[in-house]
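Across the two complexes that follow, chain A remains constant while its partner is chain B and subsequently chain C.
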Partner chain A sequence: MQKLGDFKLPHFFNYPPYFTLQPVRDTRDKQVQLWKELILDYCRTQKIFVVGLEEDFPLFSNPVVERSLSHEAREAFLLALVSEGRAEWLDKGHRKCLILWHRIQEWADIILSFVKDNGLEDSVMTVEEIRSGAESRGTELHGIDRTILMRALRLLEQKGKLAIFKGTSTDDEGVKFSL
Partner chain B sequence: MAGKWLATVQQTSSGRPVFLENEIECSLVSAVDLECDELSDFPSLKSGLLILTTHRLLWLPPDSSTSSPSSAVSLPLSSVSHIHSSKKSLKSIFHSPRVRFQASLNPGPRSVAITIVMRGKGDCDAFLGKFWENWRARAWEKESESEITRSGRGGDSQSKSGSANVSGGFYTREGALRMVGVSGILRKEQEMWESTDKSLQEAFLDLNALMSKAKEMVMLAEKMRQKLLTGSNSQTGTTNDEEMGSKEEMQDWLLSVGIISPVTKESAGALYHQQLSRQLADFVRIPLERAGGMMNLIDVYCHFNRARGTELISPEDLLRACSLWEKFDVQVMLRKFDSGVMVIQNKSHSDEEVFARIKALVTNPDALRTGISPSDAAMTLGIAPGMAKEHLLTAESKGLLCRDISPDGFRFYINLFADINTDDVYLIKDHSMYASWVRVASASS
Partner chain C sequence: MRRRPGIGGLQNAATARDQYRLLGENVAKIRTDLMKEQLATFRSQLEEFARKHKNDIRKNPAFRSQFHEMCAKVGVDPLASNKGFWAELLGIGDFYYELGVQIVDICLATRPHNGGLINLQELCNVLCQRRKSDRGGVSEDDCLRAISKLKALGSGFEVISVGKKKLVRSVPTELNKDHNEILELAQAQGFVTVDEVERRLSWTSGRAIDALDTLLDEGLAMIDDGHRDGKRRYWFPCVSSISTSVADT
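== the complex of A and B ==
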């Protein structure tokens, strides 16, 4: 079985038609489905949050069978993720895509349980501390994409679970939890 | 229906009449009645298709492909004793145009007057002119004169003199073959080429001459075939196998020049496409069988025009003739692929059979791993690469295949997507096509 780092690739990754956007509808639906699963799985295990269409994303080419996805195919597969709410375009030109292997709501729930686990119910943290602080080490929040974190925090703010405020000295924003 | 007065005419499955040897169609008129007031039991022949040939008048019932084929009748021109010129009278302005002639019908003791009534739009004067011309040309007499030698083709007035001259060179005055041994054949071949050469030179003198000489070319080819036929009959004792082989090859080659009576715009007028359509349906059957039931329209066009020799048809005419097949009960049909490529295929041709062969091809271990290109399929199926690609694309649209486009080219693989489980992408079902592919693919890497 072929591996990409420590990621185990499925057999069909060496099936050449997997890398050509199929024109027949039923076949294409299945192909798109398989690509969506693979992209989400890979990003989850490798903690990849942003996929650039023009960058060398390891899944998009297979040196073993000498095949790689066309730009059109890459966009089609990511678009399928976007339409399911599992990804979002970061720019209007569709060049960068945010991969949401946890939806924003799921991330919000993860933040809440992180806060409870660490007894931070009434404390203040900076956004950067949540991403890279000692408390978050070993959790899924460690190294989270800033855009995703902010979206999840704003969702919690709307629900009254915390308040976001602008720091005075740094660019960084602070978070006051109030559970 | 024909009764005792008129002979019945055989028709092909697509409704074209079967012609005599060397018989050529000269004019077609639709919606024609044949009447004879003098015979009380003369059959009722209403609004049919009248075909004037060099030898006969043929009357085909309307919509002849659906009615019983025996209802078409004929009247040999040799039985016509007089053709009345048309009378211009006040009466004729209100009547449908008609042509009257005297003919001695078979069991009858005396000649009777028969009237051709044209209820359609046919040009009566033009028809009368051609009727006269062919009756006077007496093509059938030439036929019987040269019956032993089987060389005379007679035909229209333009080529009469030419054929008489040429046939004189090959045979003795008594009509017996002057064919003795190999030298005899060689000499005759030589004479043949000389006269062909001469015809060729004359042919390019001017355009009119070209048209008449072109007809002669077809006749020459026909004559060569006849000569080869009679030659092989009388020479079987002396010729060796190699000679026989080349003769057969020659005959095959000449037979493909074999449409003796091409339907032309001139002779058929408005009925042109209908008649052409029927003729094409008859013609295409054999090449179609050879090509495995399906042929590209372009190939058909080449085959057909080559067989016609002269009076070539345009691509538009071919397309119109093919699209008319829907209206007739014929065994062939025009089919348009999604890509726009048009083919002619037998109605009995089945895609399933082709798919089964493609599947067998694409699932052999090598093809499982590397896929197949249209030219691989063409070689295995014995068809043209363009056609093979159409078949592969159709198979793809049915979900049998899927494509792989890479710098190596356009290839097709067996479709494995259906075998892959989306809930567990690592699962390989036993005995599935996916399992055999994984086995082949991992063995090679």
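== the complex of A and C ==
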């Protein structure tokens, strides 16, 4: 089976017609479904948060069968993810897409359990610390996309679980947990 | 001197006829008895054989197929009924019903991808994978037998021959001769182009496109516009091994 790094590619990735958007409804639904799963799986295992439509995303072409997805097909698959809440466009032109293999709510839950596991219930952390600090090493939060992290933090802020404030001396934002 | 027929002569003739008849009846009776005896021996031998090789019949697909062949030659159908000697002895009826259910399952699971047409060989492979935990393998012959039993349900399961391959159809689509010829052509590479169909089958362009469009609509074909030569290719998941691999994922 073909691999991308340590990622096992599904069989359909080597079947050329899957790189052409299918005109027949049922066939296309199945095709979109398979691509959605593949994109989510790949991004989750490779920790990829943003997919650019015009960039060289490894899934968008397969040199083995000499096929690559048209712009239209890329957009169609991502659009399907967006409509399910598993992705969001970062711009109006649909050129960059945020992939939510965890939904924002799920990320918020992950932050909460991270805070509890580390006894940070009343502590203050900077946003950067959460992303790359020693505490988050080895957890899913390590290296999380900043946009997603901020969205999850704001969700928690709305629920009164924390307060976000702007530091006076640094550019970075700080978070005060109050669980 | 010519003797005229007398009463004695007539009586003689009658006695002779009677005796011939008696003799004939005797011979016939002896023959039937012999036949009956032979049949009884044969049956007991066959039962003895089945009993002795019960495990082989259950476990070894090749052996099973030969046993079926032998039964067919002597006019015994072990699958005719789930009751009675054969079923009780071999549990062979249950085996095929179970297989039938699993075949229906696989056909349904792969339908979105292959449009309800699956290569018999592929079907058999998936079946073996699914039954891994059970003892013994399953041959194509077993699949065919199980499918023939499914026909009793009137569910439209059918085995069609396209070229050298056998395909199992689980949707009521009627494939006409044109469609079959295209599928046969596609077996070589897994796909065809309109040009190729026209050239190889000497069809007009309209006829080829029409048949291919139908196959597309039925979900049996997929288009591929990605090749360098820019010619649209029509792929047929049912003749390539991808169909079932997709179902596994």
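Here is the rule we use: the second predicted complex is superposed on the first by the 179 of 179 C-alpha atoms of A that agree within 3 Å, B and C clash if a C-alpha of one lies under 4 Å from a C-alpha of the other, contacts with A are read in each partner's own complex, and residues count from 1 in each chain.
Note that a contact is a pair of C-beta atoms (placed from the backbone, for glycine too) under 8 Å apart; a residue touches a chain by one contact, two chains touch by 3 or more.
Keep in mind that what you see is a predicted model, and the values were worked out from it rather than measured.
Visitor: Putting chain B and chain C on the same copy of chain A, do they fit or clash?
Guide: Clash - chain B and chain C, as placed by superposing on chain A, overlap.
Visitor: According to the stated criteria, A:Gly52 is in contact with first (chain B), second (chain C), both, or neither; which is it?
Guide: Touch status of A:Gly52: no partner.
Visitor: Kindly classify A:Leu34 by the partners it touches after superposition: chain B alone (first), chain C alone (second), both, or neither?
Guide: both
Visitor: Taking the superposition as given, does A:Thr20 touch the first partner, chain B, the second, chain C, both, or neither?
Guide: both
Visitor: May I ask you to decide whether A:Lys8 touches chain B, chain C, both, or neither, giving the answer as first, second, both or neither?
Guide: A:Lys8: touches chain B, not chain C.
Visitor: Once chain A of both complexes is superposed, is A:Val64 in touch with chain B (first), chain C (second), both, or neither?
Guide: A:Val64 sits against chain B, while chain C stays out of touch.
Visitor: Do chain B and chain C touch any of the same residues on chain A, and if so, which?
Guide: Looking at chain A, the two contact sets intersect at 10-12, 14-17, 19-20, 22-24, 26-27, 30-31, 34, 37, 66-67.
Visitor: If you look only at chain A, which of its residues touch chain C in the complex?
Guide: 10-12, 14-20, 22-24, 26-27, 29-31, 34, 37, 66-68
Visitor: In their complex, what parts of chain B are in touch with chain A?
Guide: Residues of chain B touching chain A: 371, 396-397, 399, 402-407, 411, 413, 415-418, 420, 422, 425-426, 428, 434, 437-438, 441-442, 445.
Visitor: Can you tell me which positions in chain A touch chain B when the two form their complex?
Guide: Per the touch definition, chain A meets chain B at residues 8, 10-12, 14-17, 19-20, 22-24, 26-27, 30-31, 33-34, 37-38, 64, 66-67.
Visitor: Residue numbers of chain C touching chain A in their complex, please.
Guide: So the residues of chain C in touch with chain A come to 112-113, 115, 191, 216-217, 219, 222-228, 233, 235, 237, 240, 242, 245-246, 248-249.
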